[in-house]
Every structure is written in structure tokens, then in C-alpha cells.
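The structures considered in this document are given below.
Both complexes shown next keep chain A, but they swap its partner, so chain B is in the first and chain C is in the second.
Let's look at the complex of A and B:
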């Protein structure tokens, strides 16, 4: 239990660090959202100053940070200047869409990577392994931006997939089944891009760690006992190789979040990515901070989940005194 | 031995690729900002050896494009006039590497413009823009990696050498940076820097931003090396002779971190090139009319371009050899470092 407690504390520390870091960066910002109003002769300098006071942009940084922390403690994330509304509900809708995309992609990528990696490792150096290695190497050198744009062009030219958005026009009137199908069709391309972007890394790691375990004496012994090949691979080898893979899972959450940011913008998926980009261009301070923080919460949640998995999968953690 | 060969192979590939981009003025037929507004979005032209009458020509030639009758955006080859392709021809002036003035181009034509990879909305030559854009993107990647490695090496050495609270603090901050998804970090940094700036400032800004993002991983790796090296006998001996800290770090410890830093460089450069591309693609990086691999792709955000002008995607294809080269180099370097470690181990306990 102490292990989990320590990991949670670490997560909280991380979130604090990130919020402090973004606030520090924001202090370096030249100008703010209201600067463009200065160009407008109909708005007097006094009213701009009043707006500054209203949104507390004239207060020193520590005061603003304390104020914001207080707001966060009450479940608010500040106020969006551009949307003229609180940030939290604004972000929440977008975050749901991002989560839909990333969770689906993560599940699919791992469901594909595990059998592929194990299969590749069990035929180490032979034709299937080489094919898998070459494919993953090829995918590895294609950056996600290029991949996403390529898929988009494919979609446009073939007309097989919708090229943007969450749902079709008239979604409200569809039958439940039709709604699901429509959503799935819209999700296909972004999810495919994300899966293809993360898959090669996952497969390579699964292959490497399983191949390492396959040499272990206990597996040879198990083989000698006549345990079926499939059970040997998935029951024993994968279990023994789980430790680095679970750490990799925590890491892959970060990659997925980054990837999703880009894929969302390219494929105009209404997630956090386009909102964040918009608010950066508009200098909508609290939306940027909130968006970064929210994604950080996802990341930390993913990492905590990985820690719990590790706790469950690796008996050494229960018993060992935590090394400093 | 084959490892060495592999390393040399990838190095040669990369050097050739970089030379082509560095010598963009010579390899590109036109100035990247030279417009031809009469002919927007010309499709890639074909170079022929056989003409329309099926006669063979020794000198390669091309047909200029003209609008298909009754169309306003569909081009076809005008087979009535074959224009020879000239090699080592004199064309628009440029400065090689920004220094040597020259007019010599690898190929070109005096009678009509040739666009091997098509042209963009302003009729600018896509091939020239890709080559010149590569200069910006690669330079951003290389400079960004240099800045990052500099920071990483300094911080890593400081943390590893002066252990205690300084080490703890630096490594906690490094952990923070490592945990952040890099694109979010890039965005957050970029969000709080000025938006409307001159192209050169924008370029330096991009370099600074990507340089600040990646220092954590090299710093941790360098720290690991320093931690083990500083307890080695030759370092302890030097310290015993009264060598000052700075001398020890520079003379004895820094060289030991070289292989880690080199491997990291090979990993970081393509990542940073991609970072520059992403920023410029999203309109947060290098602005027009300067071209970079990122902002060349930006036009693909328009639906009409996506539908009709597939050759605007070519910059994305052009970068793949570079990524392949760097990936190959990184894995060759990693293997070498691994082999080097094994060598070292065996030489430590001679049996």
C-alpha cells in the first residue's frame, strides 16, 4: 500500500509542478487577450484597464496563482476571455471527445501490439519476425503528421470516410444504432492514425521483452513439462515480461496525448487539440493553462493506472522495501 | 566490424542528404519565393525521352502545360512545343550556403518554367521550396538539438557531480519535463511567446522553444554516466592530486559522456525537425514567404487543396529519407555504445 501512496503523492506533486510551470511561463507572456482592443479607437484605455482589473490581470503573479488554485479547489479553472464563459465546462466537452479518441486508440493499439509482439518474439529471426520488424521500422520513420495527412488524403480521394468532425449533419434524428455507426465511421481515421503512430513502438518493446524472457530457464522447464505452446507464451512468458510493458503503458499515454493533439487538429476532431491551438492564437490564458492541466490529469491518471497494474502484476513490489 | 560499416553507411547517407539541402541553390531550379501567378497549382511535369510522334531524343525534354480547353484548373501537356531540359545551366542568381554568389543550377530551362514537383497557389516551384524549406527545418532541428544537448549536458553534469539536494532538485524538475507530453509542452511554451514576429525572430523562437523542451532525457543519461565515472580510479586520482572541479569535469568526465550525447543527438535531431514542422504546420512557427517543411504542408489544411492538388503532400514524402537516415544512425550508434560497454567490461576483469 505504501507504494501506491507514494505514487499518488508523486502524481499530485507532478500536477502542482505543471500548474506552477505554466503559470511561470504565462508571466513571461508579452501582451494578453485584451491587447488587440487597444487598436480599436472605440474602446477607451480606461475600459481596457477596467477589464484588466476585472480579470485580475493587473495583480502580481503569486496572487493570481493563489487565486487560481483556490478556484481549482472549487472545481473551476478560471475564465475564458474569448468564449466569455468559465473554462471548465468548455474544456469538459472537448476533453470527452479527446478521451473517446485516445482510450479507443490505446485499447486497439495494445490489443494489436501484444499478439503481434509475442508472435514475432516466438519466431525470433524467422520470416514472420522479419516481416513484423520491417513493417514496424517503416511505420517508425513516418512521423505522425505525415501519417495523418496521408490518411486524410486517402479519405478525401476515395470518399470512404468522412474527413472531419464528430458526427454527420442530422445526427440527432438517427436511430441509436445508426448513431453508433456514424460515430464509429467518423472515429475510424483519427483512431487509425493514432494506432499506426503508436503501434510500432509498442510492438518492438513487446517483442524485445518477451524474447528476453523466452530464453529463461523456467520457460525451458515448462516446455519440457509439455505445457502447450500457446499457454506458455501468453500465460507464462507474457506475465514474466509484464513489468517493463506496464511501465511502457504509462509512457504511451503521454505519446498518445501528444499524437492526439496533432491528429485532432489535422482531422478537425472537436477535441482539446483544436481548442488549445485556438486559445494560443487568441492568448486566451486560462484555457491554455486549463487545457494543459487537464491533459496532465489524464496523463497522471494513466500513470497511476499503470502503477496499480504493476502492483497487481509484480509480487516483488508487495514485499520489497522501497529502494531509495 | 560490420557495426562500423553500418555506422559509416548511415553517416554517408545523411551527409549526402544534408549536402543536397545545404546546396539548395544549386539543386533547385528557381528561387523559392519567385511567383508565377498565371499558373497556380501546376501539376508535376514529366520529363520525356520519347516525343508525341514516338521519336527518341537523346536530350531529355518536357512539354509546357496549358489549360485544357473549357477548363479553368485542369492542365494538359502542350505537345506542339518540346522544350529541352538543360543541365548545368545558368538561371536565377543565389548565394551558395549564403556566401558564394552563383547562377549555376543543376538543371533548368530557358524557354519555359519546369516544375518537376508541381507548383503552389502562387505558382512557386514546389521542388525549390522543398529544398529551401529543408534548410530551415533541418537547421532548426540541428540548432535545437545543440541547445538541448548543451543544457542537458550542463544540468546532467551538475546533478551528477554535486549530489545531494542539488541533484535531487534538478532530477525532480527533469522528471516533470519528462512526464509532460512533448507537444503539450511545446504548445505551452509557444503559447506564452510573442506571436507576430519577423521570420528570423520566429525561427530563433522556434529553435529556443524546441531547445528548451528536450533537455531532461539527455540530462538524466549524462547524470548516470557522471555518477559512475566520478568514482573511477583515474578521476579519483586526479582529484587526489588537487585538480579543481571544473578541470575534472571538462578533462575527465565530459569526454566519457560523449557517446551518450552523440546517440541522443541522432535521436533528437529528427524529433526536433518534426517539432519545427508541427509548429509551422499549425501556424505557430516559421511564417510565409519563408518556406519550411512544416508550413509547406500547411496548405493541406484547406479542403480544396486536399481534394485536387495531391502534389502539395510531396514535402511530407521528402522528409522520410532524412528520418530513415537518422533512425539508422541512432540504432547504429546505440549498438556501438552497447558493444563498447561489453568491451570495457571484459577489459576490467581480464580472465
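Let's look at the complex of A and C:
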């Protein structure tokens, strides 16, 4: 239990540090949201100064940070200048869409990577394994952006998939089944782009870790007891190879999230990605900080989940951390 | 009398590097023949790389030989299909050199010893535990260690555990692939005596693979010497020790450290 407590404490400290740094960096960038108003002759310098005071932009940085932290503690994330509304509800809708995309992509990528990697490892060095190796290597060198654009071109040319958005026009009037189908159709391309971008890395890691344990004498011994081949691969070898893969799972959540931000922008998916991009360009300070913090929370949650899984999967950790 | 295990003219080639041309192939076994009668020990002695372990894997059906035949109690092992093979496997069990990597480090001693029953779907759960505990008694592992994980045991205890696991399915032949080499001398002697006891009480046959002539002499009824994929010399233990004929045998014998009587110093001849 001490292990989990320690990991959670780590996570909290990490989030705190990230919030401080993002706040600092975004606040220290020159200019702010209201600077462009100065170009407008109809707005007097006095009203701009009044806006600064209203949004506390004239107060010193530590005070603003303390103020913001206090707001976070009360479940608020500040106020958006551009949307003229609190940040939290704005972010929640977008975060939900991003999560929908990344969770689906993560599940799909892992469900494909495990059997593919194990299959490849069990035929290590033979033709199927080489085909998998070459395909994944090729996919690895294609940048995410090119992949997403390529898929978009495919959608435009064929018309099989919608080229953007979350749902079709008139979504509210659809039947529940139709709604689900419409959403799935809209999700296909972005999810595909994300899966294609992460799958090669996952497959190669699964293959390498399984191939490494496959020669272990204790697997030979099990084979000598007459265990079926499939059970040996999935029941024994995969479990023995699980530790680095579980850690990789946490890491893959991170890469999927950052990949998702990009794919969302390219495929106009209404997630955190486009919102972050817009608000960075507009210097909508609190939206940027909130968005970064939220992605960070997802990332930390993914890693924490991996730590919990690791604790559950490997009994050796129990004693390593808290000796009897 | 028909021998328990009869290997005839066994050949195993490995592809060397990436080439598939036959002349680039590596012959790990180059026409090996041997036989082991029921309840006896054959020591297979040879330098590392002479093909001993490949032979062990072929006999245990963990590698497919390129040509030649292996028959066990008159059954040609190569003709078995996958299901028959699964039923046949319990007859021959292996103990490996490195006890640390041959036991699943995540499992407790009890789980390791009852695993073979589980794989072969033998007995009910309480029965499996009772039998596993009996196996631990048999190899003199205290019952209070049954709940320990493999990585918490000493080297000697791990190797006892590996032997207990090999015994679980009541095999007729146990292949000991350098099973003593990774252990301390004092532990080696204890395990060697345990092996002799088990042989006497259970009527096991051993294929004892080693490069250590002294241990081979202690355990084996017969010795076969292997060199570069062939058996170059074989016969009853005393004959081989007294009058070694082949170059490889003499080289291996010369490597055994011994005491010289008159000046009481240890020299390595």
C-alpha cells in the first residue's frame, strides 16, 4: 500500500510543478489578450486599463498565481477572456471529446498490438516476423501529421468518411442507434490516425519483450510439462514480459494525448487541441493553463493507472517496497 | 532387454547466420547414437559447444531433429502428433543449469511444484496441494518455505525445487542439463546425493549432462564423451576413467583438479 501512496504523492507534486511552470511561462510571454484592442481607435486607453484591473492583470505574478490556485481548489480554473465565461465548463466539453478519442485509440491500439507482437515474437526471424518488422518500421518513420493529412485526403477523395466534426447536422433528431453510428463514423478517421501512429511502437515493444522471455528455461520447463503452445504464449510468456509493457502503457497514454492534440487540429475534432491552439494564439491565458493542466492530469492518471496495474501484476513489488 | 531411451543417428542442423544454403549450416549434432536402460544413469560429458544441450532439447521434444530417430519405450517420438506429444511429455522431464531462470520468479514454491499437475489437468485443487507438499518433502525443502517466491530462495533450494517440479509428473527419465554446475561445491554434493536417493527409490533413469568428469564419475553407470556433435567414446564409467582412448576424453580428464599424495598441495594438472 505504501507503494501506491508514494506514487500518488509523486503525481500530486508533479501536477503542482506543472501548474506553476505553465502559469509562469504563459504569464511571462510578452503581451496579453487586451493588447490588440489598443489598435482599435474606438477603445480608449482608460477602458483597456479598466479591463486589466477587472481581470487582475495589473497585479504582481505571485498574487495572481495564489489567486488562481485558490480558484482551482474551489473547482474553478479562471476566466476566459475570449469566450467571456468561466474556463472549467468550456474545457470539460472539449476534454470529454479528447478523452473519447484517446481512450478508444488506446484500447484499439493495445488490443491490436498484443496479439500482433506475440505472434511476431513466436515466429522471430521468420517471414511473418520480418513482414511485421518492416511494416512497423515504415509506419514509424511517417510523421503523425503526414499520416493524418493522408487519411484526410482519402476521406475527401472517396467520400466514405466525414472530413471533420463530431457529429452530422441534425444529430439531435437521430434515433439512438443512428446517433451512435454517426458518432462512430466521425470518429473513424481520427482514431485510425492515432492508432496508426502509436501501433508500430507498441508492436515492436511487445515483440521485443516477449521474444526476450520466450527462451527462458522456465517456459521450456512448462513446455516440457506439455502445455499447449497458445497458453504458453499468452498465459506465461506475455505475463512474464508484462512489466516493461505496463510501464509502456502509461507512456503510450502520453504520446496518444499529444498526438491527439495534433490530429484534432488537422481533422477539426472539437477536442482540447483546437481550443488550445486558438487560445494560445489569442493569449487567452487561463484557457491555456487549464488545457495544459487537464492534459497533464490525464497523462499522470494514465501513469498512475499503469503503476497500480504493475503493483497488481507483479507480486515481487509488494515485498520489494515493504519488506515483511 | 529393451532400453528405455534409444537415440539413433541423430542429426540437427542450425542455419548459420541468414544464409539458407546447406553448406553454411552448422551441425550441432552430427549422427549421435546412444541408449539408456531403465533406472540407469548415462553421463554425457563434453566441452561447451559440443552439442550436449541440443541433444537434450531434441530428446525432450523441445527441438525437432533434422534427421535420425528417438524412441522411448519403443515409441518413435517423431511420429507423435501434437496431442499425443502433450500426453507423452510427462515421461521425460528436464532440470536446467540456472535454477534462477528456470523457475518463474513470480510464483511461490508451492505454485511452481503444482504447475505440472495443472498443465496436465491432474487431480483436484486440494489434492494438488497435498501432492505438491509431498514433493517438497521429497527434496527436503522445509514446508514453511512453501509460500516463498522462487526469487527468495537460495540457489540450492531453487535447484531442489526444480527437481521437485521435474518429479511431479512421475517421469521415467530426467535430463539434468548441467544441473549442478551453477551450484557451490558443498551444495553440489548434497544435490548429487539427493539425485542418487531419488533414483534408488523411484527407479529413475538420468541423462546427466556435464563437463565435470568428477561429478560424472560419482553419479553415472556409463559415460559418453561428446566432441563437436559426435559421440567419440562411450562405455562403463570405470573403463572410461581407467583407459581413455580419445583425445577429447583425455583433455577433459586432465582438467579435473586433484590432490597429489606426497607433497600436500593442490595442483591443477
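Just so it is clear, the second predicted complex is superposed on the first by the 319 of 324 C-alpha atoms of A that agree within 3 Å, B and C clash if a C-alpha of one lies under 4 Å from a C-alpha of the other, contacts with A are read in each partner's own complex, and residues count from 1 in each chain.
The rule is simple: contacts are C-beta pairs under 8 Å (C-beta built on N, C-alpha and C of every residue); 3 or more make two chains touch, one makes a residue touch a chain.
Computed from a predicted model, the values in this text were never measured in an experiment.
Quick one: chain B and chain C on chain A, clash or fit?
fit
Considering only touches as defined above, state whether A:21 meets chain B (first), chain C (second), both or neither.
first
Given the superposition on chain A, what is the angle at the CA centre of chain A with arms to the CA centres of chain B and chain C, as a multiple of 10 degrees?
Taking the centre of chain A as apex, the angle works out to 90 degrees.
Looking at A:304, would you say it contacts chain B, chain C, both, or neither? Reply first, second, both or neither.
neither
If you count the residues of chain A that each partner touches, which comes out higher, chain B or chain C?
Per-residue touch count on chain A favours B.
Quick one: classify A:185 as touching chain B (first), chain C (second), both or neither.
neither
Let me test your reading of the model: by the given contact rule, A:227 touches which partner, first (chain B), second (chain C), both or neither?
After superposing on A, A:227 lies in contact with chain C but is clear of chain B.
Per the contact definition in the header, classify A:281: touching chain B only (first), chain C only (second), both, or neither.
In the superposition, A:281 contacts chain B only.
Please provide the least distance in Å between a C-alpha atom of chain B and a C-alpha atom of chain C in the combined superposition.
Closest C-alpha pair between chain B and chain C: 12 Å.
State which residues of chain A lie in both footprints, the one left by chain B and the one left by chain C.
Residues common to the chain A contacts of chain C and of chain B do not exist here, since the sets are disjoint.
Which bits of chain B are touching chain A when the two form their complex?
Touching chain A: residues 172-173, 175-176, 179-184, 187-195, 274, 277-278, 281-284, 297, 300-301, 303, 306-307, 310, 313, 316-317, 319-320, 323-324, 327 of chain B.
In their complex, what parts of chain C are in touch with chain A?
57, 60, 62, 85-90, 92-94, 96-98, 101-106, 115-116, 119-120, 149, 151-152, 162, 165-166, 168-169
Which stretch or stretches of chain A touch chain C in the complex?
Checking each residue of chain A against chain C gives 216-218, 220-228, 236, 239-240, 314-316, 319.
Could you please specify the touching residues of chain A with respect to chain B in the complex?
Checking each residue of chain A against chain B gives 13-14, 17-18, 21-22, 25-26, 28-31, 137, 140-143, 145-146, 149-150, 152-153, 156-157, 163, 254-255, 257-259, 261-262, 265-266, 276-277, 279-281, 283, 288, 292, 295-296, 299, 303.
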